[in-house]
Amino acid sequence: MPIQEITTSLTPLLVVAVSLGAVPLILLSSRRPNLREFWTLLAAIAKFTLVLTLLPGAQAGKITQISLFRLFPGVDLCLKADPFGVYFALIASGLWILTSVYSIGYMRGGHEHKQTRYYACFAVCLSATMGIAFAGNLITFLLFYEILTIATYPLVIHKETKTAITAGRKYLVYTLSAGLLLIAAALWTFQLTGTLDFQAGGFLSASGLDGKTLVPLFLLFIGGVGVKAGIMPLHSWLPTAMAAPTPVSALLHAVAVVKSGVFGVLRVVGFVFGPTLMKQFGLDTILIVLAAVTIILASLIAMRQDNLKRRLAYSTIGHLSYIVMGAALLSPMAFSGAVLHIAFHAFMKITLFFTAGAIYINLHRENVSELSGIGRIMPWTMGAFALGSLGLAGIPPVNGFVSKWVLGLGAVQSGHPYILAVFVFSGLLNAAYLFPIVHRAFFKPGEGLEGKTEASPWMVAPLVVTALFSLLFGIYPDLFFRLVQLAAAIGGQIGGLLT
Amino acid sequence: MTGKSDNPILSMISRMISPFIMIYALYVIFHGHYSPGGGFQGGTMLGAAVILSRLASGSELSRLLLGKGIGTLMGAIGVFIYFGTGFLAMLLGGRFLEYKYLARIMPVSDAMARNWGIQFVEVGVGLAVMGIMVALYDDILTGEPDA
Amino acid sequence: MLRFLTGHYGYWFTLILLTIGLYGMIFKRNLVKKLIGMTIFQVSIIMFYLTCAAKFGGTVPVLIDDSGPAAVNPAAYINALPHTLMLTAIVVGVATTGVAFAIVITIYKRYKTLDEDVLLERMKKDHDAPAD
Amino acid sequence: MTHLLTNSPVLPVLILLSSALLGTVIAWRRPSLSWPFTISVVAVVTAISGYNLVRVLREGPIHYYQGNWAPPIGIEYVLDHLSAFVMLVVNTVALLVLFHARVVVKAETPGKELGYYGTALLMLCGFNGIIITGDLFNLYVFLEIGSLSLYGLIAVGERKAPIAAFRYLVMGTLAGCFYLLGIGFLYMKTGSLNMADTAAILPSMLGQPAVLVGLMFVFLGMGIKMALFPLHGWLPDAYTYAPSASSALIAPIGTKVGAYVLLRLVYFVFGITIIARTLPVAKVICWLAAAGIIYGSILAIAQRELKRMLAYSSIAQIGYVALGIGMANRWALTGAILHIMNHAFMKGCLFLTAANFRRKLGHSDISRFDWSIRKKMPWTMAAFSISALSMIGLPPMAGFFSKLFLAMGAVNGKHWIFLVVILFSSLLNAVYFFRVLEKAYLKPAGDAEAADGACARDEAVPSMLIPTLIMALLLIILGLLSTVIADGILAHIAPPGL
């Protein structure tokens, strides 16, 4: 395992701190909305550029690290920007810019109350996500993981209606108990091995533990991160959390919160247990079964959902398990496929959520059955929706195909060819629950649509941009940030030991 | 216990006995530092003498012996004497309650300084206990018709 | 067995006083009787210390011949330390009883009863009325 | 002056004792003088206890002989890392609460400020004495000083306060007498009252029944004082009916001092050998504590009144400390001491917010909380949410870190059931705290827009608000510093056999 050259620099800390810095500014300028939105956008762009400065180092495999003070005897608050962390931070901060623009339109369009609290909590969420991305050890990961839970709660219950409160309560119960399981797992590992620092290839492999302790430990870890990764038995908070305003479900429930769950799964599989240990004790079969069940079931349930956002929520659960499946297959190609899918799925799913939001604000319609005929009056929105659904189904020009292709290769490489069947079948199911919407929007006559036009440019612009990105990444995946190369490097780094 | 006790024998005897109780109490206090006795016992006896006069001859008359609010104040002063000696010893260089250092300001040897130190403490404690006992009696009786 | 009984009569009395005190505190309904029980409990512990301090053939711990500390035969005198400790315990007992009586008087002034059951009813009745 | 500082260990107790009486004498004529006097005294005492901690860190444990009589004859004050640390915590919390108490005492107990502040100082003197003394009987005397003034502070409350105070008095005196009985047995066996001495003599007479009976009585006494689960009957009424200032003063530090004494006795006097092997006292304490955690949390969920809910949550939190003490390993001990500090600040902040609510809204009844409370008192609600999140054990607040240490202690000692109890109970905490947060933050009072303008900001007076906010801020700072504290101060605490 090549010794990565570690440089210490303040950038990871700055990345986490920049949106925290914006929070007081946002709170202070609650009287002047324009100034407040300006602070959010400034923080988003600043964060994105900071992450960009870290990108070349990550592509060259370097790690920039900073450890602040002691969080726990023997473990300190260490922010390590390794390639995988930078990759995830890049996606989250990039999409935050687009979501801020989008939420300006959404919040103003829907005349939502309490916008200051909304933007402040959003900023805190993002800094927590950055913290999760750059966490150098399990305790720091846990710290930001729980801060993310607290910061997301006010956003889930933003509308303050009865349904929002019950959604918030359910969200809390799931995520808090997930946090507790993770605490137990982290402390047990600390007891067994004495260290909690993430290490590519897993630091548990050297500890020579037998299956009797490793299997329960692995289940604890999966229970901890699985809730946020939406693995089947633990997923039901996600559809109910759709009571939140759409930009929240767009960024958080498509990019930040759930992706940090999946990011956690990959960290646990790649950096705590490591492929050799997983294969040796058959831990990967547990994960493969869970992921496969989730993919199929989620897609099936999605077909029955009439509410557009709930349907997209179940589709997110399905696609998250693509990534979990990629992690479970343990081959380098499968890892890079999973890492790629984090990015590409984010772009596609955020497009769909943006369209759902635009439709809601423009036409106050939420259910799929009411969407007939809106394609003619909202061409751009529904065009982007079509592109997104194509990608999700895995059809070539859009980037969904690329990551699904790499995942397929990984399945073959890791000796589980039957997983290909799962991917193909779920691709069909995706088509089954997304294409009818496109068909209904463009080819069915709509009623009560007179005088309605396209949604406000504030909303449509980010919508179209993300759709375009999905298309461009589909055609030339290594555009701008050479994501595929980075994903391959990460996959190699984790799975390198196996081949 | 109504007003002036209508029983002359009681008030007569109580007026005769209480001085002797007080003298004996003073004896007990002042011999407390090297023989049985001391602040607590002497103070209780002084308190008992005052309460005897309050019981026998009613509170108004016995007000002359010890005023109404004086009890708490007496208690505070008693504790101050006790605390003061200890603190003085500390100020003079020793530890808290190290009377040996009182010899620096008293024309006596170290041993005698300890003697006088404990003596002041006994007097302080005696005063405090008496003050508090009487104050307790007065507080409990506030609002009663006879008080 | 008899020797055990007669030899430790002091401790048996402490035990009996303890139980009486506890009984008074727990089962008596009148508040003042509870206080009496509490005082009995305190007194029994003081008695326990004093019985422990006793020695067969030991006399009151006052130095008879003052021929210097070396000549003192400790067996001749009973242990003095528990007695001094119990001085403080007695004073603490007085203070506790003082505070307790002050509280009982305020309770009586507010609820006009010293019986615990009646008191609880009046408290419950209070509960519904807004707490003033 | 510098000479005076050499006997700094005893200064806090002395200053508090003398100022308690001096305060009453000085303010006899002008009662309005008593609050400033009290605050300045407690500030000086906090400064000295800070200096004590620095001195201990520099010079190591300091043994101070009263009147220069060496133990076992003289009374010895021991200032080591544990006592200096807990003393600083107790005095800081008392300073903040007393600073907040000016308005509340004048409002709830008019005309009684003089006696109130004198008793409060006396109580602080008792607690400081308990923390620093190294002599078993001296500890009993300070225990009674502290408790007697405690009963007084509770009894000045509203209509039902004297009854709660009476019940607490009877149980408290019972506890004191049990403790005294316990020391009697120990003294008769070991012949010495000094803690270090007893600790040295006890191992030689491990199996003797008298020692074990003495040990049991001492634990029974401390269990009642500490409100350990089955012996907590006095706590809910005492904290609820006491005046807001008293409950804010007693709740954070009252039971903590009892827990400190238990910790001192278990680890430094009896030693691990007796506690863990000959007599499974550690196991009993653990199981009682675990039951207390669950009981306290569930009861807290069922309460309608905020202060009563906080009282039951105190029983649960003291269960954490007792669990830390009972598990008898290095991690759990550090967790217990950290939790003593964290809970003191958390509970202090919560009771201060309850006092603010009572002062401004006239009640602290949860069912009558609604959305307008957040509009009227935003800062108090912010402090309440921070301390509530800290009680649940969420980072970056302090509660998370002490729970982390306790859980690590449970993992280290292979007590899986206690690990589940520690972690599962934070869900219970979440239920009863979010119940209040949801009511305050979310339930729209009628139609939101109309009510929005109606409730103008009616925040508590700054003198009440500043201590509350300081405490909330301290929670975050102490949280992030908890490991620095654990490594810097608590690592030096080396009980024999651990």
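Read from first to last, the chains carry the letters A, B, C and D; within each, the first residue is number 1.
FYI, a residue touches a chain if its C-beta (ideal position, glycine included) is under 8 Å from a C-beta of that chain, and two chains touch if they have at least 3 such contacts.
Fair warning: this is a prediction, and the values are worked out from it, not measured in the lab.
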- request: Averaging the CA atoms per chain, pick out the one whose centre lands closest to the mean of every protein CA shown.
  value: D
Field: Distance between chain centroids, defined by C-alpha means - subunit A, subunit C (Å)
entry: 69
Message: Could you work out how far the Cα centre of subunit C sits from that of subunit D, in whole Å?
response: 28
Message: What's the distance between the Cα centroids of subunit A and subunit B, rounded to whole Å?
response: 80
- request: State, to the nearest whole Å, the distance from the C-alpha centre of subunit A to the C-alpha centre of subunit D.
  value: 44
- prompt: Which subunit C residues reach two or more other chains?
  reply: 95, 102
Chain contact graph, described as a line, ring, star, complete graph or other shape: other
Message: Following the definition at the start, I'd like every touching pair of chains, please.
response: A-D, B-C, B-D, C-D
Field: Residues of subunit A that touch subunit D when the two form their complex
entry: 69-73, 113, 139, 142-143, 146-147, 149-150, 154, 157, 160, 164-165, 168-169, 172-173, 176-177, 179-180, 183-184, 187-188, 190-191
Contact set on subunit D toward subunit A in their complex: 389, 392, 394-396, 400-401, 403-404, 407-408, 411-412, 419, 423-424, 426-427, 430, 434, 438, 441-442, 444, 448, 480-481, 483-484, 486-487
- prompt: Quick one: in the complex, what on subunit B touches subunit D?
  reply: 72-73, 76, 79-80, 83, 86-87, 89-91, 93-100
Task: Name, in rising order, each residue of subunit C that touches subunit D in their complex.
output: 25, 31, 34-35, 38, 41-42, 45, 48-49, 52, 81-82, 85, 88-89, 92, 95-96, 99-100, 102-104, 106-107, 110-111, 119, 123, 126, 131-132
Task: Please name which positions on subunit B make contact with subunit C in the complex.
output: 35-36, 38, 40, 129, 132-133, 136, 139-140, 143
